[in-house]
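The same chain A turns up in both complexes below, where it pairs with chain B and then with chain C.
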Partner chain A sequence: MTDSINLTIDGNPVHVAPGMTILKAAASAGIEIPTICYHDYCTANALCRLCVVEVEGARTLVPSCVAKVSEGMQVSTHTERVKRARRTILEMLATTVDLSEAPDIQAYMREYGAQDERFPEAEQRFSPVLDDNPMYIRDYSKCVLCWRCVQVCAEDAQYTHAINFTGRGFETQIGTFFDKPLPETTCVFCGQCVAVCPTNALKPKRQWLLEQGHSPDEIMSLTRTERRRRMRREAAAEQPATGGKS
Partner chain B sequence: MTLNDRVVSTTCPFCGVGCTLQLHMQDDFIYRVTSPHDSVVNHGNLCVKGRFGYDFVYNQKRVTTPLIRRTPQKPGQRSQAFDLSEWREATWDEALDYIADRQMEIYRRDGAHAMAVFCCAKATNEDNYLIEKLFRSLFRTNHVDHCTRLCHAASVVALQMAVGSSAMSNTAAEVALNDVFIVTGSNTSENHPIIALQMKAAIQKNGAKLIVVDPRRVEMVNYATLWLPEKPGSDVSVFSAMAHVILKEKLYNQAFIDERTENFAAFAASMEKFTPEYAESVSGVDRNLIVEAARLYGNAKNAAIYWSLGIPEHTHGTANALALINLALLTGNIGRPGTGLNPLRGQNNVQGASDMGAMPWHYPGYQRVDNEDNARKFEQAWNIEPGGLNRQLGLTTTEIVSSIGPGGVQALYIMGENPMMSEPDLNHTRHKFEQLEFLVAQDIFINESGAFADVFLPATSWAEKDGTFTNTDRRVQRVRQAIQPRGQARPDWKILCDLAKRLEARLGRPNSAYWDYQHPSDIMREIGSVVPEYRGITYPRIEREGIQVPSWDEDHPGTPYLFAGTFPRGRGKFHPLDDAHMAEMPDEDYPLILTTGRVLEHWHGGTLTRHSWLDDLFPEALMEINPADAARLNVAEGSPVRVTSRRGSIVLRARVTQKTTPGVVFIPFHFHEAAANLLTQDVIDPQAKIPEYKASAVRVAPASESELVNPEARQVRGRY
Partner chain C sequence: MAEIDLALLQPVLAELGPQGRTALLPALHAAQELYGYIPEPVAAAVGQALRMPLADVYGVIDFYALFYREPVAKTVIHVCGDPACSMAGADGVMKVMAQQVERHRIQGQIQDTIKVERAPCLGLCEHAPALLIQGAPVPKADTQSWEDLVSGKAQRPYSVVGGDINLLTFNCGKGRITNLDGYRKSGGYDSLRKALALSPDAIVAEVKAAGLVGRGGAAFPTGVKWEAVAASNEPVKHVVCNADEAEPGTFKDRVVIEDDPHRVLEGLIICAFAVGAHKGYLYIRGEYNLQYLILKAAIAEARQAGFLGTNILGSSFDFDIELRRGAGAYICGEETALFESIEGKRGFPRVKPPFPTTHGLFGKPTVINNVETLINIPLILKVGSAAYRHLGTQKSPGPKLFCVSGDVVRPGLYEVPFGVTFRHLMDDLAGGMRPGHKFQAALFGGAAGAFAVEKDLDVRLSFEDLRAAGLPLGSGVITVFDETRSMQDILLRLGHFFADESCGKCYPCQMGTQRQYEILQRIAENRALPGDKDRLLDVGWTMTDASLCGLGQTAASAVMSAIRLWPELFEARQTTPEGGPA
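So, the complex of A and B:
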């Protein structure tokens, strides 16, 4: 085992510790590789493939967030083939997912000249906003399935295992077991999932309400307990007038 | 609509972990909380309270104007006023003058003994330093205490006796270095959630082995190698039996015992009777489990003990904590990274409030008030005539409450605490509060205690003021003002200075103890001048990252773990122990043991979290009962039950669960609708004066829905 691995990235000689990923090695040489699903504090799963690079001698493009450096490796991070792959990934994402609140991905689209109209026939993934708890909402129309939320809910932080992938193929989505509302799952509402979401598919409820134009005072009178109380009051007030209709 | 994103970095106001929070705001409305992934304490992780529980700041029930009671309150007829119509709004000048006049009247008539204060483990170090300074220097009383009495008082006393310190010996994150660790009397995953994450990672990723000793099957048991399900209150016998096995099998660290400890022989002799068989008969724990646990801990390279309130909150809490300390001294698992004696402190700043002398026997820095040199030192620091400060030990919280009445405490000042929820035997506490001649509450909501007050002073929340908190592993961290004070609310330190100046003027003493601080950083400089451990703490030094005290001077980097070469008292002292029993054993009339505690979503007396959307997640008190007991008593899941002790009775819903062992029921103490502390008793540990919250004899019987205070408050949860 050597102490240091020698490789070239975009023609620059780089010396790094063994076991390092290409992504980290490139960063250490000041070369930035774009990523979506990768997060410094989550386990990398090479899901989005935006970080692919060309490695001399490799048949396919290699996901740099998980691929480790090796001696004599020659890596190219911005070849035409790489750029086309990234552009296509971004175009497919833009076609199927609402990226309106993902500024980083939008910036990549501009950088790589990705057209969001590239696949006009394609179906948009749509699901209604899930507002089933007082802490945060889930808008899976904005979800790019990066898996970070699932990771932090599991071994990357919380060991709670409240959410995971459900469905297959195009129907794949993040969800709870049997689609139960979050309070009825093992969820502890730590919000680590909200913190690592790259597209604002997960959002604190008060932020969501504020963005919809509610004033802070309106929001603070919107607790579920208050709503329930108000509902009961209204029901009670209604009862005599309608002759005890239940 | 795109929001503005103004970000202020601060420290979480809930538990003692001390997570870094970044508050994201539009105007003065916090709409999102994040934490940097390189934050030193919590590595970006937060729990539900830190992430979402800050909204109490904006709750519309918050009081933001000084209030004076419309009907003058008289001792014996004092009543609670929750409704604003029973108060009239006052100016700050009027409210403070009124307080100063009334306090002076009582002080002049009855003297120092009549004056008492409850400080606040939620307030900053600066606030707590000032309030104890105010009462000690102006009213010359040491009746200064706070809720530490009700949580880790016995741990502090035991640590003082055995090693001469009173805090976690090691950094919480060092759990990553443990190969074996004991968690006892702590529901870590609910009450110190971020430390629990680090514990889980240590087990799952590093292969550390966990021993849980607890009468409840708390979540950490899912990660444990061994679970010792003891009967409440039997800690001394379980841990002493472990020591017995370690002694018999020679698993102890002779070199450490020789070099660093004293009183070993007497201790070893006292362990003779604690055979595993004997401990089994007392605690109900299988003798083989005790032997296995002793071998696991005794053979470990780096072993640590983490405990919380299940250890100290007993009439023999000091003995419980000493049993743990004995184990660490016996095996030499102290004074190195990844070892230690680690009482997990509850409140965000209970360590700091204790360090600041918010206690009846100590000036700031644990300097005894009955020591002449200490008194002289503080007389000089506070510009007081020689002999002016009171040399007598003051009363503790529970003693202050008991002493209320003629000849005892007449005027009480409460800063941010809620003894009417947190003291034991609340019917007794209520009776005592009714006898007060004068009561001031300084808080953000009118809670059960503040409702008794004559004057209510609206303080700012943690988001509206600057200061510092000291977390459970002794890290002093910045609290930063993020938003403007709501309404006319003022930061505690300013209120205290304004009141102190008024009192000084009325006292007519020649010297001032000094109250002209411009900023909390000035107060911290004064703290550093009287508390050697805080000498190195200045605001510029902790701007980016907190420093762990002791920090002896401005070049000292802080102390991640204590006792590397020596103990503050010199040698660590073994303490011989004898059996210890609960004050109240179950009997025919009251056959079950009630143990109290907390849940993830709520905080203590509920002043903050019951005014937050957190309450939607956990809206009602639930009593946990084992399926075996439930079947016998005809109690179904979710059905109402009446729980009765010799002191009181409450009705709440039952949660039938294996989480509690047969013979034991558990009730969280957050809910005024079914206040668990109506049932508990105010018998106290003789050394630490801490009440026995963790064991009261009760009986349980089915009740009807109509007896519930709020039968509609229900939330189905998957994790309970």
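So, the complex of A and C:
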């Protein structure tokens, strides 16, 4: 059993623990690899492919967020092949999704020389803002399908399973059982999905209302009414059960 | 709308409920048969019975094209829109069907009871233009009357089979299903008897020695796969037959299952014995309903006769097969997506490694083989690996099935030894080009393939010769185009196919198939923009190089091959978007 793996990344010798991903190994050597879907506390699924790197001997590019290091591996993180893939992915994303509130992705676009109008007449994934609860809004026009919200709602954190995917291919979206409003699902409004969303597709409702130009007082009264209504509903639902106990 | 009677569903849920999530697709199929679609309360009851999150149930319903979450017509007609059928006039058939439905609806003869939908390749390419009417295949729809079609009087298609040899297709193309008796009369199940007298190691060694490689398109050495699973210490292992045949132009597995189902079962049973598995799955695409029923009957026959079950043929070997239906998703032919589907999930391919031989179905070591791969097994055991290797070439031993469709006189399934020329297959076996027409090109390997042209006519059909010629063998699909065909139109259909069938998991394919389709639309409409060729190349390279699975990695293959052969087709025809011709 070896306690250290020797590889080279961009020509630099790197020594890391076995089982480490190329992404982490590169970071340990001070080499940054771009990522969109990856999150330190979520299961890595190798979706965005922005983290692909060239590995000597591999037929295709390799997703560094999941690929493990191996002895003697030769990794190149910024070859022309890699840059072409990253740039094209970013250009496709920019014509698909509203990235106006995703500064990290915009920075990548500048870094890789990606044009935001590379694909004329391209269909955008448009979806109206879903405002169905007092806690947060869902603006799937901004969703890059990183899967983080679905994962934290399930086995990565909360085990609530309120959301999953709908459609498939380009038409994939995040949704609930038969598109029900969130209060009618198993959602417990823990807010973890909002916390891991990288593009502001999920946003706290107060922040959203502030951005819409509502004053803090208005927002207070708006959400207070909603909170009261909800408390009344819950009280009404619990009453028979409580009555039975006493 | 009538009230949903959940009581109808109870027997199904009582039976499937204890299995948990893996029974999701069978439960949804059963529900849809009862209610015509999957209403919300039914989906909720299914989720509760299988103890799974409702959001996940919905995610699965919405993933598969053959599940409906809203009421649909009583009769759904699927018209194939992919190359072989479109060239035979499928678009016209679709139009006429839609007009007829409308006319009869206005006359009050039918009330929204018929719905016509465009479908991806139905695997009936030798009968183009083909339809499915409520799951029942209809050949040459352009020659049948509307009344015959909707009354169910349309004749069912029988396979067209030929070739230089018939080692795999001995019982095929005879216009009948080979039942257990017929199969045994032709020597069927003798190889299983032989196998059970051998050690599992000896069988694996024989398959390795035969040089058999997978026939589903990836050409991985079958014996190596088996050896890895056989060597595993895991007590539970699985074997899976991949019959999710959906590559446009491919119909070989359909023909084999339709005409000689027991040969597939025998191959799978021997495989299970060799690797030490006691449970097998046979996953067949949702559109192959007729073939599903044929397999169901064959499995029952085999079980009855003691070829499946406990102590098979008096040995100590126990094994059984569970038959599973897909529900309209090309991606489920990808092996790990197929596992996900059996496990009751959306058909998302998994990240590899780990590979199926260590972490396959339900996380257990799994052998997954294509139908054609498995039917080679009884043959190898029957004649021995040495005689098997006498067929074909040194590097591509054995027989191979080719699906020839398109503009040839006799589209059909042809069995040849590896190494015959493309010209021999096309001219001598499939009858050559239709009278008065010239060869323009042929698509090798289906939608995920590449184009062959005049200079390739004498290429030998073997893995090594085709690799040298830069052509894929794929699963043995060849679609032929005469000089009248528009390549832009063919490419548009392939682009549509991939945009429709991408699962949406990884970014390059999820967005790349859509962008590729949009550009191919401009090209087909003769209004390509400056830079469109480069856009196609960037998208194509990115999908090929950076996609997660084989679908994305080959989704640009045919387009890139067309750009190399006919660069002029992709030149700009206008200078600015939406501005009309410049």
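By our rule, the second predicted complex is superposed on the first by the 224 of 246 C-alpha atoms of A that agree within 3 Å, B and C clash if a C-alpha of one lies under 4 Å from a C-alpha of the other, contacts with A are read in each partner's own complex, and residues count from 1 in each chain.
Going forward, a residue touches a chain if its C-beta (ideal position, glycine included) is under 8 Å from a C-beta of that chain, and two chains touch if they have at least 3 such contacts.
As the structure is a computational prediction, the values presented were derived from the model and not from experiment.
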* Taking chain A as the common reference for superposition, should the pair chain B and chain C be classed as clashing or as fitting? -> fit
* **Contacts of A:Asn164 with chain B and chain C, given as first, second, both or neither** => second
* Asked: Does chain B (first) or chain C (second) touch A:Thr185, or do both, or does neither?
  -> both
* To do: Give one of first, second, both or neither to describe whether A:Asn133 is in contact with chain B, with chain C, with both, or with none.
  => first
* Return first, second, both or neither, reflecting whether A:Ser100 touches chain B, chain C, both chains, or no partner chain. => neither
* Could you grab the smallest C-alpha gap between chain B and chain C in the overlay, to the nearest Å? => 10
* Overlap of the chain B and chain C footprints on chain A, listed as residue numbers -> 162, 185-186
* To do: Note which residues of chain C are touching chain A in the complex, please.
  => 40, 43-44, 53-59, 62-63, 69, 329, 346, 351, 499-508, 510-515, 518-519, 522, 529, 535, 538-539, 541-542, 544-548, 553, 577-578
* Flag every residue of chain B that touches chain A in the complex, lowest number first. => 1-3, 24, 26-27, 29, 31-35, 37, 43-48, 51-52, 55, 58-60, 193, 197, 200, 204-205, 600-601, 613-617, 619, 712-713, 715-719
* In the complex with chain B, residue positions of chain A that touch it -> 40-41, 133-136, 155, 157-159, 162, 180, 183-192, 194-195, 204-207, 210-213, 216-217, 219-221, 223-225, 228, 232
* Structure fact -> Given the complex, residues on chain A that touch chain C span 36, 45-50, 52, 60-61, 63, 66, 81, 84-85, 87-89, 91-93, 95-96, 118-123, 145, 154, 161-172, 175-178, 185-186
